[in-house]
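Across the two complexes that follow, subunit A remains constant while its partner is subunit B and subsequently subunit C.
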Partner chain A sequence: MSSLSDPWKHLSTSGKIILPLVALLVLGTVALTVLWVVGIGPQVMQGLLDTAGANIGILRFLAAATGVLLFTVPAAFVIIFMELKIIAFMNLRIGPNRIGPWGTLSSTIHGLKVLAKEDYTPSGVDVPVFTLAPAVVYLAAVLTLLVIPFGPGMLGYEMELGLLYFFAVGGLGVIGLMMAGWSSFNKYSLLGGLRAAAAIISYELPLILGVMGVVLLAGTLNLGTIVENQSGWFLNWYAFQQPLALIIFFIAATAEASRTPFDFTEADSEIVAGFATEYSGMRFGFFFFAEYVNVFILSALTVTLFLGGWNGLFDIDPLLEAVGIATPVSLSLDIASLGPWLMAIPVLVLPILVMGLTALVWMVKSSWGFLVSLIVGFVLANLLIVGALSIWALFSFDALMGITWFLGKSFALVALFVLMRATFPRVRMDQLMGFAWKWMMPAALLNIFVTAGAILIVKELAG
Partner chain B sequence: MRTDRVPGLALVKGMWFAFRQVLRPKVTVQYPEVLNDIAPRHRGRLILLYDEAGTLKCETCFQCAAACPIECIDMGGVDTRNRYHVHWGPAEQYAERREESAMRRSGRPVPDRTFDPFGSIDLAPLDAILAAEGYRPRRSLAILERTQEVYGHLPVAALQHVAHQTGAGYSELYGIASSYPHLRFEPPGSHVVRVCRCTQCALLGGGRVLAAFCEHLGTDVGGLSPDGAVRLETTDCHGESSGSPRVEVDGEILPRSSVEDAVRIAAALRANVPQGQAA
Partner chain C sequence: MRTEPTRIRSLDDPEVLVQTPATIYDAVPPLTPRTEREAEFYTLGDGEMFVNLGPQHPSTHGVLRVVLKIDGERIVDLDPVLGYLHRGVEKICEHGDWHHAISNCDPLEYAASMFSEALPVLAAEKLLGLEVPRRAEHIRVLVWELNRIASHALFIGWLALDLGGLTPILYGFTERDEIVEMLAALTGQKLLFNYMRIGGVNGDLNHEFLSRLGDWMGRAGKHIDGQATLMNENEIFVNRTKGLGVIDRETALRLAMSGPPLRASGVPYDVRRAHPYSVYPELEFDVPVRSEGDSYARYLLHIEEIKQSLRIIDQVLQRMPDGPVMAKLPRLLRVPPGRAYIALESPRGQYAAYAISDGTDQPFRFRIHDPSFFNLQAVGLLTPGHLVADIMAIMASLDPIMGGIDK
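For the complex of A and B:
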């Protein structure tokens, strides 16, 4: 045994990881080869493919759920970084600037730190409920992303009742909060959970009632259809037909995501972390992440319902046609006919471009030597090529353009949430509740009746 | 329409203000990498702080003066109970004391730096006491009590000498001496005359009054009269004087003052030397 363990001890940490992986790779290759040679492999493969084909719906759902789950992590990191940096700028501070360029990786490192912390389960807690609560909260946030259309045809799961599904699954988060508060075996956690549930449920009503106006106008609960109804110029957005609904929805979404000025679930500066008091390590991290994922999801839903979703500000195709460019841009050059000359593109075009830019740089900045100019010219040439390719891709593929507009608008709204957090003081609990029940509810109901009446009148006039 | 009645407009204004902050230059200085532009010989400025009631926060503990490496801090004041005048370091000896400190840093022997701002004392009896007590800092209280028996009070020079000979810190000795009510820093029964030197009092003739006191008490400001009976100090009336410069005799404010009053008071105080104080 010692003959085997001695060399093992001398391996570095990365070596201890790589060596077994290499061994596994070799063993797997050998095993697969043997299986294929013997003839068992193809049969097993065929069986697997048949099973997958028969259950394509399940597989698609699993893939979509995994996709949105993976999407939420970088999205949350970006939002946390935005929050750190924008609030710092508003305080005339520099903010995070140590890890990564301009501190962009600091939120990622925060996430890794939370992952590395001790995950402590206090004595007396209701262990299964205590363990499940963060997962429930996080999954409720993530699963709502399934029905949000990121671009034309780019949504996790096509659903006719998408909006209903969104609110139904999004409402599950409250159960997670209650689970966390109840199972913590701590009366302050319980109070925090009840407080969070009260606030969130109170604002869920105006949130849903505010959306009803849009649903009446669109005549569908399918989010993709709602977005398609807003295509064209930005005046077609529902924000201009339902301004009151937009305001109600945005305020309610602020409360729903537990953001300032309605951040009662975790009033950082005033009380202990509410329902999450007894949580530590990554379980607390899940609550923390869910909060930021919720911010993104509610921004995305606001964009989807009111701000045109993946539609651009302008309907750019007619404009381009007026100039004489037909979209999607098709290369008039038939690449296949070039034959061997295809090789000339990278061999000739790139050096000519690089040398031209180098000469230009050298002329503008003669104090730089030739080598520095060459490097700058090479970088500039690459940037030019990548930029040109990106612009071509943007205008050629609707999906790319759509997702760019969608993410741009969503993160602009996230920035608005951050701006609100930097500006507003926190409201009192009774003010929070009073505002929801005395102002938002009547306003939302009024919005529904006025919208319904307007639709009836327009129908009478038209027909 | 008044704009402040529009609901939510204040919120938007606040957010617009917050947004404009994003574009303003940042105040953070990245300290270890970036240094503020400070003159190379800048050491900050010594400032006495006042609390919210307007009282000096300095407790006259002498720790700053004791810690000052070139002994440039000259301290004077009253103790925390506002009873005794205490002093450390004469301003007129800066150059000399700096030289002393330079000698100490260079490792050469430093001459005895006993000094006395109020006039030198005969150190022979004090040396006898110190020898009897074995120069032990633990006997500080006994040394101070016996010193007071000999001198009638605890002169600063005596405290300095004790500190220098026993190795006890001056601030420790001062702490002991100010803590016990039977130990005193001043000759019993001495009078204090204070004259205001503010602009208002100067315009009312305060300079002439002060000059009269100096002449007839035979001392300058901050000194004792030759017989040791009266000390002449300055005060500040904080703009309260009315009609005549403020003069305080033993803490009592005279209703009015003039050069004639000064002459009369000086004569009366010097004539009224208490028993056992004819030094």
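For the complex of A and C:
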């Protein structure tokens, strides 16, 4: 009996999933080739396209989900790099500085390293549950991003009950953590999984109750509408109408993402690595990534609900209108109407700019010689033009401005999370529970009653 | 007919192990309990389970293994298992001569080895009735106090790290690094200094040591205060440590504890004052005492002691006399027969040695009293009833060093 006699038994679980998929792909290719050879290929293709057109909603959802999934990877890389570097500055260290400029690529290399490591399944684990747990955790994190508006109209999926969907899907992550803790056949994992479950369940309540004030004010669960309600200048943000809710939400979000000071689910000095103790390779990578994606998502939700979402600090549209550059898009599209002579200006801008900058550089730094100055001048001119075009694009397209504001605010909050990690020790389990039930729950309930009362009184006075 | 030889599954035969399908672990046949206490501990009650903390655990400060019996997160009972770092230092000391004992005792207290290496030195000097030069005595006190600060700075970082704080350990190491660099300039070593000698010290103060020391003394107080502000007023840190692991005065004395854990329980016992040695009686310093006896008090006491050590270093530098740093001794040192007990105040408490000499150049018996061992005993009394997270805070605040505990 050689070990090759039964290959199916010797495949890993991922192999058992991938092999049928490859077979399916091969079959599909063969079938398409046969269709084309027979001659009914175009008709079948037309039929397929019509089917796609009829089900455009599903396709849009799949495309949005893929886009969101792809977005999480660079976002996690950026957050990991921020964490490495900011904590290093707090610790009086230099931090990563080898790979890429200022070590910016080191988190990417970390990701590749995790991919290359052995994916080990210890004996004694519950294999299907053990394998599925990281996917559940990661997907629960990623799917919540679908309803977050990145810019005006830039939602993965427009949903009237967006906030409810967010909490419902986000809550699934706990199941993944418990699966990991239970199936690992390790007592540290078990403790970590149960800690995660207990903590996250007791913090879901203040998290959701804290948001209720905002929902009462906005009158909707649609996140896009909530952001639109906060447009105008920054005093319109809900943070200034619901400061207590913001504090409750932020603390609960820290616990929800199991970040320091509430990171006892994977407390390295107590239970080694919690639910992730037995994981290695990319399965561990999924837990690792999910943690950082969660940090981004909760920052993004805080920004969406309390800090104006994609709205800027000030509404500068009236100013732009007054200056007369409110519709630069039309201007740029209408360039032919300038006439042949004026059209020469954009063509001549680059050489004139290059020569002018070269002369300037040469005067400032005559030791460089003309050729070097020319190169430097060319680079500077290009940078200037690209910069100017970027600023123009930023002010011309609302979506671009919106996503810039949104990501800027989100990553500022992420930096706050990271600073907290560098500063605080860990809270004990029972202290955290006590804080959640004795202080944050009553505060959240009080916030709801006060907000509802205030809305009633304002309505009475107005109506 | 050919028959396959029957094979017995064993660890020595890798082929068998590879071909045997992986199963859930075979139950290890339980050892017969040797004592009543073992029999009681290794019987699980309803809903209880064992968790093995160590010997390779991030926060047991070395290779301590603690078997925890827990009910949920609450610790019911615990069984510390020692001996993973046992080298037989006491026996090794009997086989070398008195000078070898210095470097053999070095790694006992590896965070502050200036103290443990002084044990055979002080014992031999007491047996010889030797008068150590004044300059050598002052240099000894200087390096002792520097090493005490290095050890205490590390303690603060460790305590914070075990509570989940990432930053204080780096601040502590920054402080320790500066001291260790200057001691390396003096002794040539960064961890195990091997600097004490019977009758003095190995080498006079040099320029690099003094310039580094002067440079560091200018900002040491500020650094320590800065490190303390990160934790003293930190709500989470205070909540985690205040009222945790309270040892009262009588229990502390009954357990033969010493050092900061004893003084945090309200007993003003410091060997430097109680049984003065070296030039300590001539120096001005206070013995900080606190009455609470909890982890937070122990932490605050360490910071106070760092300040007192800075005070001592200031005085020693001002009083530093001229002269030789080694007494004149024969090359082959025969210590007269007799018994000697010496004690000194290490960062962890009373470090003591009981030496018997039979008149040869080797100690006949060299018994070492390590304070970490006695302080660590309190863990068994303090942790039952607390959560798993608390055992770290309690153990870190007692500051054990496994090198000395396992000897």
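Heads up, the rule we're going with is that the second predicted complex is superposed on the first by the 394 of 463 C-alpha atoms of A that agree within 3 Å, B and C clash if a C-alpha of one lies under 4 Å from a C-alpha of the other, contacts with A are read in each partner's own complex, and residues count from 1 in each chain.
In this section, contacts are C-beta pairs under 8 Å (C-beta built on N, C-alpha and C of every residue); 3 or more make two chains touch, one makes a residue touch a chain.
Fair warning: this is a prediction, and the values are worked out from it, not measured in the lab.
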Overlay on subunit A: subunit C relative to subunit B, clash or fit: clash
Partner chain in contact with A:Ile94 - subunit B first, subunit C second, else both or neither: first
First (subunit B), second (subunit C), both or neither touched by A:Ile109: neither
Partner chain(s) touched by A:Leu350 [first = subunit B, second = subunit C, both, neither]: neither
Which superposed partner A:Leu400 touches (first subunit B, second subunit C, both, neither): neither
Greater subunit A contact set [subunit C / subunit B]: C
Partner chain(s) touched by A:Gly124 [first = subunit B, second = subunit C, both, neither]: second
Contacts of A:Ala422 with subunit B and subunit C, given as first, second, both or neither: both
Touched partner set for A:Ile86, first subunit B, second subunit C, both or neither: first
Candidates 20-28, 74-82, 92-100 or 110-118 of subunit B: the single one with C-alpha clashes against subunit C: 74-82
Common ground on subunit A, meaning residues reached by subunit C in one complex and by subunit B in the other: 90-93, 422-424
Subunit B residues within the subunit A interface of the complex: 11, 14-15, 17-19, 21-22, 24-28, 30
Residues of subunit C defined as touching subunit A within the complex: 22-25, 49-52, 57-59, 73, 160-167, 170-171, 174, 230-231, 234, 236-237, 239-240, 387-390, 392
In the complex with subunit C, residue positions of subunit A that touch it: 87, 90-93, 123-124, 185, 187-188, 191, 195, 260-261, 263-264, 267-272, 421-431
Subunit A residues within the subunit B interface of the complex: 86, 89-94, 419-420, 422-424
